[in-house]
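Note that the chains take the letters A, B, C, D, E, F and G in the order they are written out, and that residue 1 is the start of every chain.
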Amino acid sequence: MAFLDFINISTVSAAVSLIGAAGIILLPKPVDKVIMFTLLEGGFLGMIVAAKYLDVAVAAAILDPISTVILLIAVIKINDVRKEKLKAQEEMNIA
Amino acid sequence: MDQVIYLIYILSFVIGMIIGLVLSYKKYTEPFVSKNIDIVALVISIIGWILLLNSQLIMLIPQYISITIGLFLVALVLGMRPGYGRFELVIGFIVSGIIWITGMVLL
Amino acid sequence: MNLMANILLNVLIAFLVGSVLLGLYRKVVARVQSRPGPPIIQYLLHLLKFYIKESSFPKTAAMPFYIGIASILMVIWISAVIVGPVTQGSLLIIFGIYAIHKIVEHNAGSSSGSPYGKLSCVRAVYSAAAEVPLFAVLVIIYLKTGSMGISDIINYQAVNGPLLYAIPLAAAMYLVLIISKAQYTPFSITKGKDIVSGYETEHFGLLRGYLMISESIMWYMLLWIFLTVFLGPISPIAYIIGMVGITVGIAFISATSPLLNPNHSVILQIIFAIIGIVGSILMLNVL
Amino acid sequence: MLDIYVWFYTGCALMILGSIATVIGPGVKDPVIRTLNTEVAAVGVSMIFLTYNHTIALLTFVASTLIITMILLRAIVRLEEMEAKV
Amino acid sequence: MDIATLSGQVFGYIPLGDIVLYFTPFNLFLFGGALLFTLLIALSNTETQVEARFGSLEDREVKVDIGEFKIRRFLAIVCGLATAGAMITGDLFNFTLFAALIGIVNLGLVAAVKMVDVLDSAFQYGIIAMISSLPLFGGAAIVLATTGTLSILELANSTVTPMVTFGSMLLLMGIAGETGVAPFYATKAEMFRTPGSPFLVIIHLSSLLVIVRAIEILLIINKPF
Amino acid sequence: MTGAEVLVPNVVSPLVVSIYKPAIVVGLLTGFIALLGIAFKKGDLTALILTDLVGLAMLVIVAAVATDLAEALVLPGLVVELAEILAIGEILMSREMRKTEKPVGLIPLPLSLDMEILDTAPAFLAIILVVHGCFLTGFTGGAVAGVGILFYVLSKTIRGVPTHIWEGIAGISGMAWVLWLVGFLLFFVAPQYWLLGLFLSACGIMVKVASKVGLIGVMGREEFKREK
Amino acid sequence: MRSLGRILNDLANPDNIPRLFSLVLGIVLIAGLLVPFALNDHQLYPRPEPQSQINAQDPLAPYDRGGVVIADFGLNGNFLLEPGITKAQYPENSAAIGKITGYISPMGISVRDTTLYFGTSIYSSPGGLIDEILYYTRGFDTVLESSILMMAFVVASWVALHFTMKREEEE
């Protein structure tokens, strides 16, 4: 059963965050990346909890969604901007 | 006191040059004539260089006075307006150089 | 002798010798280029003339600053004399003075509002990139002698012989620095012929007098530092001969060499500095 | 004790991975993606802080990373809007 | 002590906890110089650049408007004070922070200008200043890790290891970058083309004085003997 | 409770000493990668993003010393990074604006965001963060509370801020800075009032940092929350 | 010779300078890997081994540095019996050394008595070693870093208000 000893909150959260990191790096679409980013942050949160610093975990838990929201807004906005730009170009081409 | 003496040397040199310039402008009106040798300047230059270089040989007056005067006289010639006083200066230097060498050899 | 009188004496000596040397410099340049050239005393007379002339200030100048900067130049070089010949203090202070000199050079140019001054100012900033590393030869001297005090360095040389033979590259670097401070040499881009008188273009009367006095003191001090820290304890006659010799030599360089484009000049100096510093440190370690 | 090493080396791995991904990762021509990739390295730094028990610094770092991200994204969006070529 | 052979006898200290400021003739001279310039800047107007126009006989006057003048004067004074502080500080990390402050203020001094070229070089300089926070703080941290202290007075007595040398090399690069000194000066030289000479002087002043002081500090730390 | 020796040992623990080398190597490597990126990738924006990465490398190198002092030194590093990115980003934007000289580009595009979280969450999260920030005080509290304010301001729909309000907030932060300076001086002038000095310093810094971060939120709102 | 001149001109172009600088710095960093790195274990302000305090169920972990608090809010300065442990560089320069480290605000005391896991919060509110270092023994650093933040903000907000946001023109 020594093998199962390795499965504790630290290693699990390390694995989660590594998966999250891989996801951020490899997935092509920004929105997917934002989702994977929450995974990464989740793993990190797990680590803080494993270290038993609950106050830090609370603060991080509040800050994480905010950063996700900011990232999301930015991604949406930039997609908007790019769409506008494409449209403007097409109009130019038609005209 | 050393530095005071150096200051005096430098001052006499500078003043000599200024006076030399003023006098030579009075004396020569045309610019840049380099051929003939001015006897007065030659004499001044020879005396000046001798006083300057051979100050050890002159026992009559203290060394620093002779150097001061020598510098002043040399500067008179050195400071003459452009084109004048070059040969006089060189001749004076050579003459006093010879005297200095002979003095060194003899004494 | 009391300190005040000592300072006064040394400053006067520095000023007179420096201005005569600068006059000699112009004369030699002229003779090499087979012109009659001005009398040797011309620089000094020029300076005195500016004192008598009316001072006028450009309408566009940045006012208290424009005057202050010219006076600061004089103050710092007088303090260089105090640190150097009078008290034989730390070379680092001279380094600092040189840094401030660069600043003044830069700002004397830009404070007038003249485009020539401005160009000279930009070049001064630019050339600081090269000149400050050159001045860093002092560090090499420290590495060699173990002290920054001028008196300690003199004592060291009295025992071990002149530093000129021990760290020739450093001496060469310092000479390059002196060259860059002389007029019309390849490295003196701040006062190149193409920008009239460089940072002095818009200074008239008394202020120009200040600038010229400080320049003559600067020239004396640069040569004095060279002779003192590289040749050790030498007699006043040797100082005079050395100063005249270096001045004449640099005048030859100035008279025969072209002016460089600022970029090239600065980067050449940087290359000199790199070669000098790396080479000297290598030599220190190997020998 | 093992925990500490797990945190530390995960942090190190994330930092190196994140920085490589930021510089030459797929699709980093898009500045938004590049900025997102820096977040990986930032989380790695947080983990290293956690290892050393720099918890106050960690708290500040988490907050200030958010602010930096915000600033960067603002600049990116603004520049994109201006159609600037940078 | 090495400090005495380098920059002269120590005159006095200002203890602020762990950060001890000290005065030697060298430090005092630079300190005084920086303060003098700051005072001069605080009192000065800006100059007017007069440029000829193409195709006509008129001149164009380039002036600094009043809003810009105020903000730049403020930044210039801060920069002067920071430079003065960097001259007398006796703590390595404190010094690097002074350098960082000088960097950001220098950036600000030219950021207020409207010329594209100047803004461009301000941006490039800013990038360098930011990059150099790595060698600055990193170098100081490496020195701290090796010697266990940051006070220059203590560092003067510590032993030199390759790590200290590496740390101080990083520090030197950091200072060079932060102040924009050789051979990276080109970014800065462009910035000097704008009007506002009293404020520009402080950019130059700060970088040169900080470099001079940095050399002193590095010599103290590294003790070639 | 354990003894004083356990609370504060005489030397740094061997565990930390053993992981110093990997930490430094990671810091140097990250810095190296980021610097090479700056050197070989074109584009000013790229350089700006990558300098952020360089800053992270710096933080690791400083943190690796693993003492309380190191932690106290991390905070300046953070602040410097944040401040410089802010200033340089702004300069980059204004430069590009001058370069393109397109008046249309000056005004951010309108964007209608219908996100649930932006209607319900801000007040709640912001209050928690600000309260927590006030409890923490200091840099940390300032950053935490500041993020709360930033988020709140960002998600408000009213666009723009009159200049005088901006200047007012900036003025408050300036006063907070003075407060902090007074606190600092108090420590050395009158050590018996150290507690007062401590509170002045801590609260001054917090107010200062928080208000500034809030203003960043205002700047962000220009971009992200503009409605017709 | 001409190509040399071109190289020299390129070196003077501001756009290339950051790249040159970062290249040089990168090389220096990678050369740094050759240096034998080792942490000197005699440091100022040392801290206990990571996680040791929290594992010992210390409610003030990880910043417990000793000191006994009496929270009587008397303004006579006698708040504690015993200052905390600090290993400052120059303890003689700081008269009240250790007191900030030992201090816990009354709210902090109540938090300490209720839960084990809020040490960071307690010690980030006024008091604690970090505060002692930041505001007292190395307070001058904090003067600078808050000034840096302020200056950066002055610059950024000036640029933003006058160029980037351009509110006046728009409305």
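Here is the rule we go by: a residue touches a chain if its C-beta (ideal position, glycine included) is under 8 Å from a C-beta of that chain, and two chains touch if they have at least 3 such contacts.
All of these numbers come straight from a predicted model, not from anything done at the bench.
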From the centre of chain E, which other chain's Cα mean sits the farthest off? B
Greatest Cα-centroid separation from chain G: which chain? B
By count of C-beta pairs in contact, the leading pair of chains: F-G
Quick one: chain A and chain B, Cα centre-to-centre, how many Å? 90
Report, in whole Å, the distance between the mean C-alpha point of chain D and the mean C-alpha point of chain E. 30
Per the C-alpha means, the centres of chain A and chain E lie apart by a whole-Å value of 40
Could you say which residues in chain C touch two or more other chains, in rising order? 126, 267
Could you say which residues in chain D touch two or more other chains, in rising order? 3-4, 18, 51-53, 55-56, 59, 63, 66, 70, 74, 76-78, 81, 83
Provide the list of chain A residues touching at least two other chains, using ranges where the numbers run on. 51, 53, 56, 59, 63, 66, 70, 74, 77, 81
List of chain D residues in touch with chain F within their complex: 1, 4-5, 8-9, 12, 15-16, 18-20, 22-24, 31, 34-35, 38, 41-42, 44-45, 48-49, 51-52, 54, 56-57, 59-61, 63-64, 66-68, 70-72, 74-79, 81-84, 86
In the complex, go through chain F and note every residue touching chain E. 20, 24, 27, 31, 35, 38, 44, 47-48, 51, 54-55, 57-58, 61-62, 64-65, 69-70, 73, 76-77, 80-81, 83-85, 87-88, 90-92, 94-95, 98-99, 187-188
Considering only the defined contacts, which chain C positions touch chain B in the complex? 1, 6, 9-10, 12-13, 16-17, 20, 36-41, 44-45, 236
In the complex formed with chain E, which residues of chain G make contact? 11-15, 17-18, 20-22, 24-25, 28-29, 32, 35-40, 42-44, 88-90, 93-94, 136-141, 144-145, 147-148, 151-152, 154-155, 158-159, 162
Per the touch rule, the chain A residues reaching chain G in their complex are 51-56
